[in-house]
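Order as written gives the chain letters A, B, C and D; numbering starts at 1 within each chain.
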Amino acid sequence: MDKIEIHYDEKPDLDNPVFIEGLPGIGNVGKLAAEHLIDQLKGKKFADIISKHFPPQVVIEDNGVVRLVDNQLYYAKRDGANQDLVILTGDYQGLTPEGQYELSDFILGVLKELKVKRIFTLGGYGIGRMIKKPRVLGAATEESLVKEMKKLGVVFSRNEPGAGIVGASGLLLGMAKYYGMKSVCLMGETSGYFVDPKSAQAVLEILAKILDVTVNYDELEAKAKQIDSITARLKEIEAKVDQDEDLGYIG
Amino acid sequence: MDKIEIHYDEKPDLDNPVFIEGLPGIGNVGKLAAEHLIDQLKGKKFADIISKHFPPQVVIEDNGVVRLVDNQLYYAKRDGANQDLVILTGDYQGLTPEGQYELSDFILGVLKELKVKRIFTLGGYGIGRMIKKPRVLGAATEESLVKEMKKLGVVFSRNEPGAGIVGASGLLLGMAKYYGMKSVCLMGETSGYFVDPKSAQAVLEILAKILDVTVNYDELEAKAKQIDSITARLKEIEAKVDQDEDLGYIG
Amino acid sequence: MDKIEIHYDEKPDLDNPVFIEGLPGIGNVGKLAAEHLIDQLKGKKFADIISKHFPPQVVIEDNGVVRLVDNQLYYAKRDGANQDLVILTGDYQGLTPEGQYELSDFILGVLKELKVKRIFTLGGYGIGRMIKKPRVLGAATEESLVKEMKKLGVVFSRNEPGAGIVGASGLLLGMAKYYGMKSVCLMGETSGYFVDPKSAQAVLEILAKILDVTVNYDELEAKAKQIDSITARLKEIEAKVDQDEDLGYIG
Amino acid sequence: MDKIEIHYDEKPDLDNPVFIEGLPGIGNVGKLAAEHLIDQLKGKKFADIISKHFPPQVVIEDNGVVRLVDNQLYYAKRDGANQDLVILTGDYQGLTPEGQYELSDFILGVLKELKVKRIFTLGGYGIGRMIKKPRVLGAATEESLVKEMKKLGVVFSRNEPGAGIVGASGLLLGMAKYYGMKSVCLMGETSGYFVDPKSAQAVLEILAKILDVTVNYDELEAKAKQIDSITARLKEIEAKVDQDEDLGYIG
């Protein structure tokens, strides 16, 4: 077994493909967004990437059959759009810095073969507090893209995120220039405490404008409501605990 | 020294061999089961696997002589059964994710040479509480095996284990398909707090049915009683400590 | 992508170049000093070093454009001095011991190509307490350099630093002999609790004498005042908290 | 730079050489013993081993000159004994399991070139409490050596040390058989809380008998007294603290 291996179900014939990455990360924003997009555009899985850089683990599917944890590539053909999509999601990112670099490098090699010229990486930007209306922050491989994104409502804010971008969403941008690819990272604001479908929706709304696709958000909104009701209940419990403790002190 | 090395005592001539893995893990269920099976079937060690992925450590045998920590391969010939066994146990699993992948890959290579076509991996499934009658959960490389196992009493339960299977018991399944081998993982429920001979017995009872071997469980039952008496004493001590503390508060 | 890669903007033609290293470390003394020197001598960046040994991360520049975290090489031409400078600074040092060795080895290879014969590494020496007038401690690759440095006010003190020198500032010295380069490490005393421009200035004052360059310290002094006012405020707050707590006990 | 490099000062011509390892470890017993033996037999350093598996660090010698942390090989010629010695000591052991294996393998390769056939590794056996008269425990590569050592007072005790032997002292034994070398490990009992010259002396006394060398222990005894007076003072301080606290409760 090589350090990283790709196993193709099929080699799709794609028209001017754009690549979208949404792997697990802060608030799982990128993964939620990528999975929702795959769902909405009826994406078809065409390859698995397995790697020694992932945890030594198998996932058990509902039918009792296992598969190695992996990253998965989907494509979505778009009739008449002259722009098909390749979407990456998966169970894990690489566990080590070296693994992260090697996986991003490997993926860019795969994309080059697929003749991808434009990349969008999706992620969350953790701000440590709950937020009503998440902004979508951006970063890009060149200034013309920054301008383009600003027009679409993406926020470019000095020192946000201050620590830069860690993981695949960052590396794919940073290494894209060695592959001659233009790349944008879209980061939805999120508390970082919960999976955040609302932030994923904010990111997708921007991406949908860029790609000119129609996306229905009912499912993400339903998930967001679930999360909201969980967090609300947690707050209630917390408030009650505080009250009880106060009474305790008085009693 | 290579990253992984196998040193053969002999190269056995095996008839239609089935492979069974029982390395250290949760509750040491797999290792206890594998060792008991070796003992019952008078297995003979035929190879040692040493590796830089194991701790840098030697074991001192009772006669004062050392050996590197390792994994060991045993075989058991079964007259007239047309199905010999190869059993793996050992001191450790690989210390790193990469080590885990490389060891499982290496072992599958060895099994291919031995013409193994069917694999059983044995392990524990930690549930965080003491349990009277451990169930045996399963996972497999294909649905026909799932059906087969269900008939024998193996439980396939959606989201159990939720985190998938970590380590050799999982990887050998996940990677088996690249070697054309059919594989089943049997996991005995266990608290995860102690070595668990009772869980090992539950796993072996299923495996004995599958392999059609007769196993005497006296020794495992004796070990289980030992563990039971230790845990009972621990509970007593704990109860006494609690009582003393309560008195202390009152006094 | 290789483990370490250098990407040249240009290959400068340098006259008898001396190398100065100032990477992040204790009190960021080396990095502050190197950056100030680049600023003062109008250094020009000529190469980026990227590596799998750095964190998997991109930095977002003020214009919204990303770059991989890296180490950067600058040169400064010095008219009539017959001694140009090559200065290394960067975002990170290697994350692992192996990474540290490989990066230092790589950099020495680059310096050999540039015909560097003399190296100065700059760093901090953490002493765990605030200090008014930081001394500059030294270490070197040969005794003649030790003598030379002592004359310029560098302190060589038995068992200081007791633990030796960790990281690039140490390794570049330790490995320099295999490349036939003479090398000195200058370490400014620092508390180790804050970035320390005062310590960086102390180091630079020595280095400026050695290299016979004129350096204006206004900016470092301004930074030092900022740090001083922050630490003073922290002390005030701490004192106030202590007082409040004392009152609390009394009340 | 390779992962491990040996740099020879000279290639000694040795007569039937025996190898002794004493690297840092529990109570620094092995290192103290090896250094004392080098001192007593006027050993001469003939090679340095540097490695990416050691910390990225230089040591500053008393004259202000640095050297990479390393392992060092000494030899001691013994007139008329028909048995010269090669002694290994150093600053560190390998930092990772893989590093430990590779360093031991490398050293065994060097020893093979030197035609070493017999190895003694020296270490401490931590028992977690202070001890008046440390026993010397043993382990060996074959039973005939166990018998030989028992006659000289080495203790072979079932399940001591229970965890086996970790690090170079263990690996050199475990891997010696692949190099056709006979090997014994001598472990002096030690609390494990302090460097332990008394334990080092106990180990050396056995080794001196085996090698038929005369060793003066004055220096080790002086060091042991120093340690004893430090531990005695610590106990006094502790007792005083306890007393003060007790008074506090009463008052």
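Throughout what follows, a residue touches a chain if its C-beta (ideal position, glycine included) is under 8 Å from a C-beta of that chain, and two chains touch if they have at least 3 such contacts.
It should be emphasised that the depicted structure is a prediction, and the values quoted were computed from it without experimental measurement.
With contact taken as defined at the outset, there is no chain that touches chain C as well as chain D. Interface residue usage between chain B and chain D, two copies of one sequence, is largely distinct: under half of the residue numbers at the contact are used by both copies. Annotation: 53 Å between the Cα-based centres of chain A and chain D. Separating the CA-averaged centres of chain A and chain C is a span of 37 Å. Chain D has no residue in contact with two or more other chains. Chain pairs that touch one another: A-B, A-C, B-D, C-D.
Listed in rising order, the residues of chain C touching chain D in the complex are 94, 97-98, 100-102, 104-105, 138-143, 146, 156, 158, 161, 163-168, 170-171, 173-175, 178, 185. Those residues of chain A whose C-beta lies close enough to touch chain B in the complex are 1, 3, 52-60, 62-69, 95.
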